[in-house]
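After this come two complexes, each holding chain A, first together with chain B and then together with chain C.
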Partner chain A sequence: MEQFSQLLVSGIANGCIYAIVAIGFSIIYAGTQVINFAQGEFVMVGAMVAAVLLAKVSLLIAFPVAILAGCLVGAVVGLCVLIPLKRASVVSLVILTVGASLLIRGLAQLFWGEEGRMVPYFTGVTANEDNIFHFAGAVIGVQQIWVVAITIALVIATHCFFKYTLTGRAMRACALNPTGARLVGINVHRMIILSFIMAAGLGAVAGVTVSAGLYARCTMGAALGLKGFCAAVLGGLGNYSGGIAAGVLLGVVESLIVLIIPSMSDYSDAAAFVILLVVLLLKPDGILARKKAVA
Partner chain B sequence: MWGKHRLLMFGILAALLALLVASCGQKTTDTSEGVAQEPYVIGAIFSSTGDNAPLGVPERNTAEMLAKQLNEKGGIDGRPVKLLAYDDAGKPEQAVQACQDLLANKEVVAIIGPTLTGPSLAIASMCNTAKMPLISCAASVKIVQPVTPYVFKTAQSDHFAVQKLLDYIKAKKIKTVGFINDANAFGSSGREEWLKISKAAGVNTVALESFNSSDTDMTPQLTKIKAANPQAIICWGTNPGPAIVAKNIRRLAMKQPVLMSHGISNQEFIKLAGAAAEGVIFPSGKIIVANQIPAGDPQRKVLVEYAAQYQKAFGKPAIHFGAHAWDAFQLVVDALKKSGADREKIRANIESRKKFIGVDGIFNFSASDHNGLDKNAFALVTIKNGKWVLLK
Partner chain C sequence: MLKLQSVITYYGRIMALRGISLHVDPGEIVAVVGPNGAGKTTALNTISGVLAPKSGRIVFDGSEVAGKSTDNLVDMGLVQVTEGRQLSADMSVYGNLMLGAYRRSAADKKSIVRSDLQRVFAMFPILEDRRTQSAGTLSGGEQQMLALGRAPMARPKMLLLDEPSMGLAPLVVKEMFKIIAGLCKQEGTTVLVVEQNVKAALAVAKRAYVLETGRVVMEGTASELSKNPEIQRAYLGKGYKQMVE
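On to the complex of A and B.
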């Protein structure tokens, strides 16, 4: 039981990060039908900028600057996708994002080097010792609470943005029907750039949060991006609540699976992809997809 | 309007790409300027970019520094040395490509590197077929076992690291151990060795787990180890994984002694693990505690000298990994002095070399042993107040 609750705790915390990354995938997909493979690099940029700044300034400055840096990179990638959008097929745009991700990683390696950089805990006893407390037999780090709290805050904020603000509604309109949206006077291009900026900002938040207490490294984006992608597809691309649920689920499954696979726990990473395959075969629209009316 | 933007965009992209390409790939260090004679060309393959750059960069630095020093002193009997260094980014396929390049170059007399076990294994048979002496800097014993004629290695085999650690475990009367390893070649090879040797020594592995190099949370695996309640925890891996393991162990409030491998023998581990690094015990090459080695030790002179030279040249302390390149480079130079550029003779010279005092240890090569070291090449080191301390 003790083991189970401990595994659940770290599963949920990891899953929350996947969920944030998954939202990023969905936002861009909804706006452009493009799967943005540079999403993982947004996470990395956020983490690296925060790590570099935290050596000099406090988290209160480093965190927002890291998000801004992420948004900036997002805007640039967005422009790269937007410019050939009309002429290019979705596949070539997806390949373009793959190229962008390699480029971002390469440049980051040039500027920041290869070594991992320590990122202090948000509210630890010291920079690299977290406050912990015990709950239901599990040891919980305060950083894990931060991860969950930030995820919940982001989910609520994103939800409210899409539901209650004019810009958010305009973005949804573009996703549903770009031509219609243009006819009623929405600047579709601006909305697409905005979706990239939002996705990148979310990614950067995930990056800073996940690396706190651990390390930031130029090569960290790929793995997180892939997990987030799995979650986004599992939840149904473009389906926010599905992506969030799938992200958390993925984290928990990955964590609990070590109980089943004895002594080869590195295979828990494969769990994400096995689940993805199974779900794609059985429920191609994602786990939370509603049944479509039969035509 | 859009056309103009597009052109601009492509221009920027092309420029950035060009920059990227220019910064990757082959880096030739021409250390032979101003010397008239035909240089000896030594090939090198290191992981100077990618996840394992903290290992590969000191190796490349060391080889370049030694080549420069040698040439400043007039080279080998007046002939300078030219280092042809490639980067494999830690990837076997890139190592194969670099190796093909080097094999195609008739002037290359020997290859030092690669940094990692995977790439080393990938090119070992190529070098044997091409009759090219290869002196690997990687850890796994598999590179030289079974022995193949042209492949040597300077890095202490993980086999001896496990033995050194087992000596400590036996001395402390520890009977049960929880073992967790990185799933990469280094970690899995260490795990194999551990399971083989520890059983014979009567130490019981009550929990056995692994993680991926890119994982950021090992709490699940450690939770399982915690439940098995072993007397000590061993983590076998290369950074940054072990640093996270150390932190997670702390978070889970596990009180057992933490033992690790020579894979953490660089500053990065202390930097990333911080307070969690305190008290971790691991076998390491003696270089990181060079100044604490007692005066009577035959290696002391070489160790202190290399440590001082590296610090002076690069402003950073010398580590374990650079030492592998030191030994590999000096072994090739040692053979070149005797035989000149004949690969066959270089191979024979290295194989018959005894009592070569290197940074990694004292090498005694033979036809059946292409590593030439024993467990005395390792020292047990612990971390106190963020510093390495020799464990006596």
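On to the complex of A and C.
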């Protein structure tokens, strides 16, 4: 029981990170139909910039700067996708994002080296008794509470942005019907860049949050990006709530799989992809897909 | 208000407009009629900046606008009314209407935009009843009304209307054109309307152009054109009986 609740807690925390990354995938997919494989690198850039800065300044400065850095990288990738957007097929644009991700990772390795950089916990020092809560037999670290709180805040903020602000509505309009959006005077290209900036900003937040208490590495983006991608596809690409649910679920399953198959502990990463395969076979539109009306 | 001079537009590799010239004076309703594939919608899309013309001049409100982007043109007061199916279907009626005011929301105060919304609701009471409903769940006629109702939100000087009667029941068509005429009269909006329903268009327009295979083949006042035997035969279904006999 204790082990179960412990695994559940760490699963939820991991899943939250996948959920944030998944939102990033969905935002860009909704606007461009492009699956942005550089999403994981946005996460890495956020984590690395924060890690480098945290050696000198406090988190209050390092965190926002890391998000800004992520947004900047996102804007550049967005421009790279936007320029050939009209002439190129979606497949070539997706490959372009794969290229961009390799480039970003390569540059990061060039500048920051291979070794991991320590990122301290957001609050409190180490595994101090003050920073730990006990709940249903599980030990919950303050950082895990941070992860969940930040995720909830981001989800609410994203939801409100898309639902209640004019810019959010304009972005949705572009995703639903680009021509119609153009006719009311929305600059569709600007909205696409904005979607990349938002996705990258979210990715950077995830990056800083996930690496606190651990090490940030230049190679961390690929795995997180793929997990986020799994979550986004599981939830139905472009479906935000689906992606969030699938992200958390993925984290939990990945964590609990050890209880059922103890030998899986080294291969828990594979669990995500097995789930992805099974779900795609049964419900290709994602777990939360609504039934489409048959015309 | 608007002047086109030998405008040529390609749609892919097809020359869809083969040099058309037309003009619309301030406060006028002008119709562009013609059969399917004549280039009517291409003409509108070229004016509104969705398509870029290959050559020719387009002058709106005294300045050259050929090749300008749609958002710039909306800022200048030239607004193309979206077809009903180009609304954001998942978004509420209210959300769609507010998008109409997208370009001016930065400059204008919320209270002004809100009072415009009230004016639109006064013109289209049905939209107020449906304000929280998503646009995709409206009937075809209601969607067209929403598309038309969204246009005044931008405070346009001139409206471009793309087949407002498409897919609508005859009674609704009549109502649509009544509202369009009202918009022109009350708000002083200049209107260029592209229409396959020649009868309905000529009933409300002051002048009209007949477009066939990318060229203007006939022009004149609406009353002239509706008396023209060629038009009557081809578009209004008059004299059809004699011909068959």
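Things to note:
In this text, the second predicted complex is superposed on the first by the 289 of 295 C-alpha atoms of A that agree within 3 Å, B and C clash if a C-alpha of one lies under 4 Å from a C-alpha of the other, contacts with A are read in each partner's own complex, and residues count from 1 in each chain.
Everything that follows uses one rule, which is that a contact is a pair of C-beta atoms (placed from the backbone, for glycine too) under 8 Å apart; a residue touches a chain by one contact, two chains touch by 3 or more.
Here the structure is a predicted model, which is why all the values come from computation and not from measurement.
Once the two structures are superposed, chain B and chain C can be ranked by residues of chain A touched, with B on top. Shared-chain residue A:106: touches chain B; no touch with chain C. With both structures placed on the common chain, the touch criterion links A:259 to chain B but leaves chain C unconnected. In the superposed pair of complexes, A:187 makes contact with chain C only, with no contact to chain B. Residue contacts after overlaying the shared chain place A:10 against chain B, while chain C stays out of touching range. Within the superposed three-chain model, A:172 lies in touch with chain C and out of touch with chain B [touch as defined at top].
Contacts of chain A with chain B, set against its contacts with chain C after fitting on chain A, share not one residue.
The touching residues of chain A, when paired with chain B in their complex, are 2-3, 6-7, 9-11, 13-14, 79-80, 83-84, 103, 106-107, 109-110, 113-116, 118, 126-130, 132, 139, 141, 210-211, 213-215, 217, 219-220, 222-223, 254-256, 258-259, 262-266, 268-269.
Note for the complex: chain B touches chain A at residues 2, 5-6, 9, 13, 16-17, 19-20, 23-24, 49-51, 53-54, 57, 183, 207-212, 214-217, 219-221, 223-224, 226-227, 239-240, 243-244, 247, 250-253, 268, 271-276. Chain contact summary for the complex, chain A toward chain C: residues 166, 169-170, 172-173, 176-177, 179-187. Chain contact summary for the complex, chain C toward chain A: residues 48, 50, 69-71, 73-75, 79-82, 86-91, 95, 98-100, 102-103, 105, 150, 154.
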